[in-house]
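Shared between the two complexes below is subunit A, which pairs with subunit B and subunit C, respectively.
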Partner chain A sequence: MNLKIDILREENNYIVRLTGEIDVYTAPKLKDKLLPLTEKEGNKIKIDLANTTYLDSTGLGVFISAYKSTKQNNSNLKLIHVRDRVLRLFQVTGLHEIMNLEIDER
Partner chain B sequence: MEHFDFIEMKVPAKAEYVGVIRLSISGIASRMGFSYDAIEDLKVAISEAATNVVAHAYESNGSGELNIGFGVYDNRLEIMVSDQGESFRFDEIKNRIGPVSAKEEVKPISQMREGGFGLFLINALMDKVEINNEYGVIVLMTKYLDETEVELSDQIQTK
Partner chain C sequence: MNKIEADGQVYKKLLRQYLESDNNSFLDEAKRMSISFVSRNIYPEEIVRIHMKAIDSLYGEMFNDYKRSLQFLLEALIAYRKAHEEFEKLKLEQYELKSEIQVAANMQKTLLATKVPEIDCLDIGAISVPFRQMNGDYFHFVQGEDGALGVAIADVIGKGVPAALSMSMIKYAMDSFYEESMSPSAILRNLNRVVERNVASNMFITMFYGQFFSASNLFRFASAGHEPGFIYRARKKKFMEIDAKGIVLGVLKHTYYNQYEIQIEKDDMIILLTDGVTECSRGGRFVKREEVIEIIEKYADLPAQQHVEQVYRHFHQLDDFELKDDFTLIIIKRKV
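After this line comes the complex of A and B, so read on.
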């Protein structure tokens, strides 16, 4: 029940790979690592959710903060490999219409 | 009276225990025969309720307990999440929280001030949600094994 956060960087392109569960316990760590990346102009960040096994409102909250920060700082955020369970929560909350999602069909 | 099995657990109101609660409900719900999707919904709903309790515990001095009761019925799972340290009497609280005494203590979820997305998700993922603010905060939520039973039970309660 933990979250592993791997950040791969190539110039100003970042891939943030999240393995495990995003909940009230792990969300603060994710926020600490993710937000600074969104604060630099021109950064392009992809969050890879392929191995994210659990997500709830605490994780959605982090993504919303990060998304807002990209708008303020002229950076870019995209969620990739969004599927089944994780996608369901984005759809229930309507966030899939606001944020940039790349959906994995199964 | 309708028979049910009752399971109770008490954990410190700390963020690191919310995952433990998820594992517990996963075990109970899979024993009852809930589908994969329903179990995932239950995990999110109970985590949201627990997260609210944990957040309040941190606001007020960082200690406290998280009390969870599971009512296992033939056709449904009822979950009570409370920030009260005292063990609760499941059926007693249920009577107070239920439709009979629903006039003042129980508010529809849309009128709750706090929680935001959390309470919204609980409401979206569960079949029935009630909140009692009489002593601390108690959330009672129900999920039916067979979703076609939702309407039927609503009818029974209104008569």
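After this line comes the complex of A and C, so read on.
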């Protein structure tokens, strides 16, 4: 199982495109790439989940970490193209109420 | 003459006798010699060296390519021996770790042990199977004075030792307050505070807390982002998802949990589970919630404890079944 992480940058706007599965094996890699982006004040990060086929609770933990970090560092995080099983996980855990999610209605 | 040289002489003699006579008894002697090498910590590469020396001394240094091939073998054996030593060391370390985790797992079992209460109007069954040695799922029951039943089911992110350690924290926190007299909403709010203060930023716990009042047959509950359970309505023969909203424990400093109430009728069932039940897979695809319901319905006539065990056994027995996370299932049936 693999996760491809592509980061596009334009000044302090970032798009992080995640292709593949976010699970207990790939979550540490995601954490290493994502957390530093949230630590700089004013950074705006969009995480594109259009091609994320699987997300488990360890992966969700990384997004929670990132969310907490944006609150501490005055940066901004938004999850886009959230759908299917991934969306359900955010809804069940109540995280969709506090995190900025753009739901994909496809 | 040192020991190795003496060994060399004996070896050379045996080899020459064997080559000249083709008599297998010399082979047997060579085997005995090898066994004595093991007890004296003489490695295989040393035997190759002895062999090379013996050949040199018997035939002179005329077999150039042959000698180089032995050199080749020697290097291969040295590498093999080193790797083998490392492997044995790891095996031992792994064994030690496993035993240590087993001790911890036994401690956890004692610590988290809960007794399924006997309440006249209810039949209660519960099963919890860890994915590895230690369980990151947790459930417990508490019985109030007035025939009320408290039930908690929780799931810590991840599995194994870290999850199990966090679970112990939940248990201690619950022990520290008088949950019989608190509402589900207040219990979750208090636990959230404990968890938020004490876990790493990427950790969280999901939990469902319910109370059943046998006098009124009312089920009161709240959920902290926990996988929704079901209510089986006997009259309609239908499963309904338990709809309770609330954020997981450990993310927000202050939060409030909505509390819900439903009336439980005779022969209804309350089904609580963790996502290990729905995250297990069959031949690479996930078991759907509808499939879980189907199997629960199939064995619904069994007493509650046999019922939960049979549901687990059903999935476990499938050839392509793979448990991916800790698996916990609780079924509470109203009998009268």
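Descriptive notes on the structure:
Assume the second predicted complex is superposed on the first by the 106 of 106 C-alpha atoms of A that agree within 3 Å, B and C clash if a C-alpha of one lies under 4 Å from a C-alpha of the other, contacts with A are read in each partner's own complex, and residues count from 1 in each chain.
FYI, contacts are C-beta pairs under 8 Å (C-beta built on N, C-alpha and C of every residue); 3 or more make two chains touch, one makes a residue touch a chain.
Just so it is clear, the structure is predicted and the values come from calculations on it, not from any experiment.
Of the two partner chains, subunit B and subunit C are each touched by A:Ser57. Contact with subunit C, but none with subunit B, is seen for A:Glu97 once the two complexes are overlaid on the shared chain. Judged by the touch definition given at the top, the superposed model places A:Ser69 against subunit C, while subunit B stays out of reach.
Once chain A of one complex is fitted onto chain A of the other, the partner contacts of A:Tyr25 are limited to subunit B, with no touch recorded for subunit C. Residue contacts after overlaying the shared chain place A:Asn13 against neither subunit B nor subunit C. Residues 24, 56-58, 60-61, 92-93 of subunit A lie at the contact with subunit B in one complex and at the contact with subunit C in the other. Residues of subunit A that touch subunit C in their complex: 24, 31, 56-58, 60-62, 64-65, 67-69, 92-95, 97-98.
The touching residues of subunit B, counted against subunit A in their complex, run 15-16, 18-20, 22-23, 37, 40, 43-44, 47-48, 50-51, 54-55, 116-118, 120-121, 124-125. By the touch criterion stated above, subunit C contacts subunit A in their complex at residues 155, 157-159, 201-204, 206, 224-228, 245-248, 251-252, 275, 279.
The part of subunit A that touches subunit B in the complex is made up of residues 1, 21, 23-25, 54, 56-58, 60-61, 85, 88-89, 92-93.
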